[in-house]
Every structure is written in C-alpha cells, then in structure tokens.
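What follows is chain A paired twice: with chain B in the first complex and chain C in the second.
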Partner chain A sequence: MLTIAAAIILGCCALGAGLCTGIGAIGPGIGEGNAVAKSCEAIGRQPESKGAVTSTMIMGCAVAETTGIYSLVISILLIFVAPSTFINILKSL
Partner chain B sequence: MKKSLKARIVDGLLIAMMVLPLTLALLLKILTRVPAEGISVTGAQVFFTVPMPFMDMHIGESQVNSLAVLITLFGFCLFMTRDLKVKPTSKRQVIAEWIVETVQNLVNTNMGERFAAFAPFITAILGLSALSSLSSMLGLFPPTSDVNVTFGWAILVFGLITYYKLKGGFGNYVKGYFEPLFILAPLNVIGEIATPISMAFRHFGNVLSGVVISTLLASGLQVASSAIIGWLPGFLGEFPLLRFGVPAVFSIYFDIFSGCMQAFIFAMLTMLNIANNFPEEEYEKRLQRKREKALRKA
Partner chain C sequence: MKVQAPVKTETRRIAVGVAVLSALMLIVFVLIGRFDWTVLWGTLLGGGYAVLNFFLMALTVQHAAEQMNGVTLPAEEEETGDETQPKQKEELPQQKMARSIVQRSYTLRLALTALVAVIAVKVPLFHAVPAIVAFFFPRIVITAQPLLQKLKKGE
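The block that comes next holds the complex of A and B.
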C-alpha cells in the first residue's frame, strides 16, 4: 500500500513539474515576443534610437520573464524537494 | 617610464589576491567533492554546521565562494586604483575611469542627480553579481544559484527602499498603504513584500536554470557520444567525445550572457525601485517646514 502511495506521489510530482513550467512558459513567451516585435517596429521607424530601445526592451523582457521563472522555481521544488517531504509525511502517518 | 621593484612586488601581490581565492575555492571543491554516480543536480555542499538558537547555520559552498568572490573583487579594486595620477599615464587608470564614468552616467540617467552618491553601491552590486554568476565558468558552484544569497541582497535593497520611503515622513509612509482606497491595504502590503521576493527569485531562477540545463546537456552528450563511439574497445568506448567543445557554445548564453544580464537587471531594478518610490514632494515639504522652524527659533 505504502509503495503505491509513494509511486503516486512521485508520478504526480513529475507531472505537476512538467505542467507547471509548460503552462507557465506560455505567458512570458507571448509577452516577450510582443515586446521584441514592438521594439523592432520602433527601431525600424527611428533607427537612431536603437540603443535606448534595445536596453528598455531587455529590461522589459526581464520583468516579463518573472512569472516564467516563478513556475520554473516551483517545478524545481516539485522535482527535488517535494517528493522526499511528502514521503516523510507519509511514513510518519 | 620603468616601474620600481616595490611597485612590481605590490602589483604581484594584488594579482595573487585576485587569483588565489578562486583557485583555493576550486581546490576545496575538488578535495571535498563526494563522488556521485553519473551526473546529478545537487545543491550546495555543506562543509560544517554552526549551532544557533533558532536554526542551525550551514557554512557551505555558497558562503565560501561568495567570500572568495568578495576578496577577488577587493583585490581587483585595489589593483585598478594603484598610483592614480591627475593625467592618466597607465592603461589601468583609463579602464578604471571608464568603469566609474559608465556607472555614474547610468545612475544619473536612471535615478537623477539627487541619488548620484549611489554609484559605488550600484557598482558593487553589478560586480558582485556578475562575478558570482561567472564563477560557474571555472567549475565552481555559483553563489547566485543559492536562493539565500540573492535573498540577502534583495532584503538589503528592500531596506534601502523603505528607508528612502520613510524620508517623506512616517505618516505619509503609512498613508501610502491606504491609497486609492482603504480596502486595498492588504493588496498594497502584498505588493510591497513581492518586490524583494521577485528580485531574489528572478536572479536565482535564471542562474539555476542555466546550471540545470548545462548539467542535463552534459549527461545527454555523454549518452550521445557513447552511442557514436561505443563500439570501440576498452576505455576508448567510454571517451566523452561530444563533451569537448559543445557545452562551451551553450555556456556562452547560459553562463556569460545570462549572468551579466541578470547582474545588470538586478542593479537596474534596484535603481528604479529606490528612485521611483522616493516621495519627492513630501520630502521637499518636510525640508521646507524644518527650515521655517529653524528660522522662527533664530
């Protein structure tokens, strides 16, 4: 019984980790794509403002990436930290 | 112009101060590394534990490596600023002046004249963060891939933000939480706490993802090279052919670009958060009131 429970925990942790980064990467991907597209347009219109636009774009991309990084951190916690914690809880029951 | 012997000896000592800490950290890692089966992603190795009242303090790789990075940076600063002249005669001084001017320009454009004195602090953050992330190039455990290190920096920045917010008066600071509506106070508190958390996790996550991906890449390349030349007899079949050179290409992005980028972003967010949250009008009003009081007394 305990092995089945542990197997379910491990499987669900792996599944959750994959889903977490997979779904969490959609938002930043779209957002950063929009930011880069708009800054390309801006550089095309005003090539002399390339430096300022590029640095602002990289800054914005980094901020937009935050949610993706959050989901990555949660995935890493799910893979490396969560299984042992849950199985220890299971053993103490 | 020839350098004197004394200057040469001091230069040599300072260069040793830059190189030795990282070398010693690398040596420590080689000596204390626990041999593992295959390739695995592990956290920082803990060397010893100091018992503390609430929670034990672990002295591990991240602490040792960040100390090594600090000493290296200190040696670099001493080396660059040796025998400065009014008119620069050495390349060293030209480079040092370029670094100082670049950061001063950055601070002036992003924070304004009022915060011009922040340039050394921003330089320190930039140098520390960039060198910490780049230390993974030497094979060291990068201190920034430990969440405690980046959280320490983020809490420092949070303290600075709060200090400069409080310059507008404590009443105004508290009132700021009940702005536009009274009911929104919990949301404002959460937003306030989210600043250091997001800064810490952004830096940590970016560096850690680089570490994880390069480890996965190394194990994948091991499998691929054994599939290609596995038919050779003896140790030749286990020769990791693809692990030479290929990881270096990916390391350009994951170690160099990502590390420098995150250092820049951390410094940029520090500057913007401090400068944007500074209540300029209230501060001016308070100064005005203080001046009037002093005039009335006199």
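The block that comes next holds the complex of A and C.
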C-alpha cells in the first residue's frame, strides 16, 4: 500500500513539475518576444533613441524572465524536496 | 559582436547589486548560525550565474536590436479619432527575426538555469538555498533601482 502511495506521489510530483515549468515558461517567452519586437519598431521609428530603448528593453526582459525562474524553482522543489517530505509524512501516519 | 555601452552599464550595475545582496545573504547566514563553506560556494554559483544569465540576455537583446540597423520607419501617424477601422499593422521581417532570436535565447537560458539549479541541489559542495535565492537578485536590484535613485536625489 505504501509503495503504491509513494509511486502516486512521485508521479504527481513529476507531472506537477513538468506542468509548472512548461506553463510557466510560456508567458515570459511570449512577453519577451513581443517586447523586443515592439522595441525594434520603436528603434526603426526613432534610431537616435536606440541606446535608451535597448536599456529599457534589457530591464524589461530581465523582469519578465523572473516568472520563468519562479516556476523553475517550484519544479526543482517538486522534484527534489517534495517527494521525500510527502513520503515521510505518509510513513509517520 | 561588439558589446555596446548600455549592455556594459546595465550588467555592471546588476553585478554590483548582486554582489551587495550576496554579501547581505552571507551575513544573514552567519547571524543565524548556518554558515559553512557550502553556503559560500552556493552563493558564488548562484550569484555568478545570475550575472552571467543577465549578460547573455543583454547580449541577445543587443543582437535583436541590431536587426533594425539600416531600417528606418516613418514616424507614427497621428490619430484621426476614427475608431471604426482599427489599424492592422504588418510585422517587419526584422521584427519577426528579433522575436525569434529572443525566444530561442530564452529557451536555452532557461535550460541552462535548470542545469545550474540541479547542480546546486545535487552536488554536495554547494548549498542549494543560497544558490537558488541568488537567481532572483537581478530582479530585486531592478526593482530597487528607482528607490535608490530617489534616495540619491534626496527626495
């Protein structure tokens, strides 16, 4: 019984980790792409503002990327920390 | 590819901020009595990778911006107030290229981040917590920048 429960926990953790990073990485990818495409348009319209636009674009991309890293960290926790914690809880019951 | 001034400036700023925050984190670990060498190595791994990731991202953005070299678009047309027919703008091939460059780079850097995080968790030489916390330092530095600028101005 405990083996089946542990297997279910492991499976759910792996599934959750995959979904977390998979879904969490979509947003920053689309957002960064859109931001850069629009910034390129702005540079095309006002080439003299290239430096300022590039600076702002770098900061914007860094901020957008953080959500991807959040989801990655959650996935790492789900893979390496959560299974042992849950199985220990299960054993103590 | 020559590294442009905005990339250098922003990377330097982020590197200084990450160094300061890393030092603060080490002080916190000392104060709570959890400091050992693995914490130091973990901080160096996480902080170093955070700065490297930012630099790679900045280089990618610079490369994407360079796609517009020699391309000049007309200034934006003034709004006529006619909202009945929304303007449908076609994306330039350079914009599409820039978008794909950034998205490809993001995917690769996320994979690299995952690799570094797994190394931080699996290799006993590194403490996982400071290594992973240090990934978020660039964001904290960026968020704190306006506040620091206000403090500098004495507002």
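Everything below uses one rule, namely that the second predicted complex is superposed on the first by the 93 of 93 C-alpha atoms of A that agree within 3 Å, B and C clash if a C-alpha of one lies under 4 Å from a C-alpha of the other, contacts with A are read in each partner's own complex, and residues count from 1 in each chain.
We adopt the following convention: a contact is a pair of C-beta atoms (placed from the backbone, for glycine too) under 8 Å apart; a residue touches a chain by one contact, two chains touch by 3 or more.
From a predicted model like this one, the values you see are computed outputs, not experimental measurements.
For chain A, the partner with contacts to more residues, out of chain B and chain C, is C. Contacts of A:Phe80 after superposition: both chain B and chain C are touched. In the superposition on chain A, contact of A:Ile23 is made with neither chain B nor chain C. In the superposition on chain A, A:Thr66 contacts both chain B and chain C.
In the superposed pair of complexes, A:Ala5 makes contact with neither chain B nor chain C.
Contacts of A:Leu90 after superposition: neither chain B nor chain C is touched. Shared-chain residue A:Pro47: touches chain C; no touch with chain B. Shared contact residues of chain A, touching chain B in one structure and chain C in the other: 58-59, 62, 65-66, 69, 72-73, 76, 80. Within the complex, the chain A residues that touch chain B are 58-59, 62, 65-66, 69-70, 72-73, 76, 80. Within the complex formed with chain A, the chain B residues making contact are 41, 43, 198, 201-202, 204-206, 208-209, 212, 261-262, 265, 268. Residues 21, 25, 28-29, 32-34, 36-37, 39-41, 43-47, 50-51, 53-55, 57-59, 61-63, 65-66, 68-69, 72-73, 75-76, 80 of chain A touch chain C in their complex. Contacts from chain C toward chain A in the complex involve residues 4-7, 9-10, 14, 54, 57-58, 61-62, 64-65, 67-68, 71-76, 91-92, 94-96, 98-103, 106-107, 109-110, 113-114, 117-118, 121-122, 132, 135-136, 138-139, 142-143.
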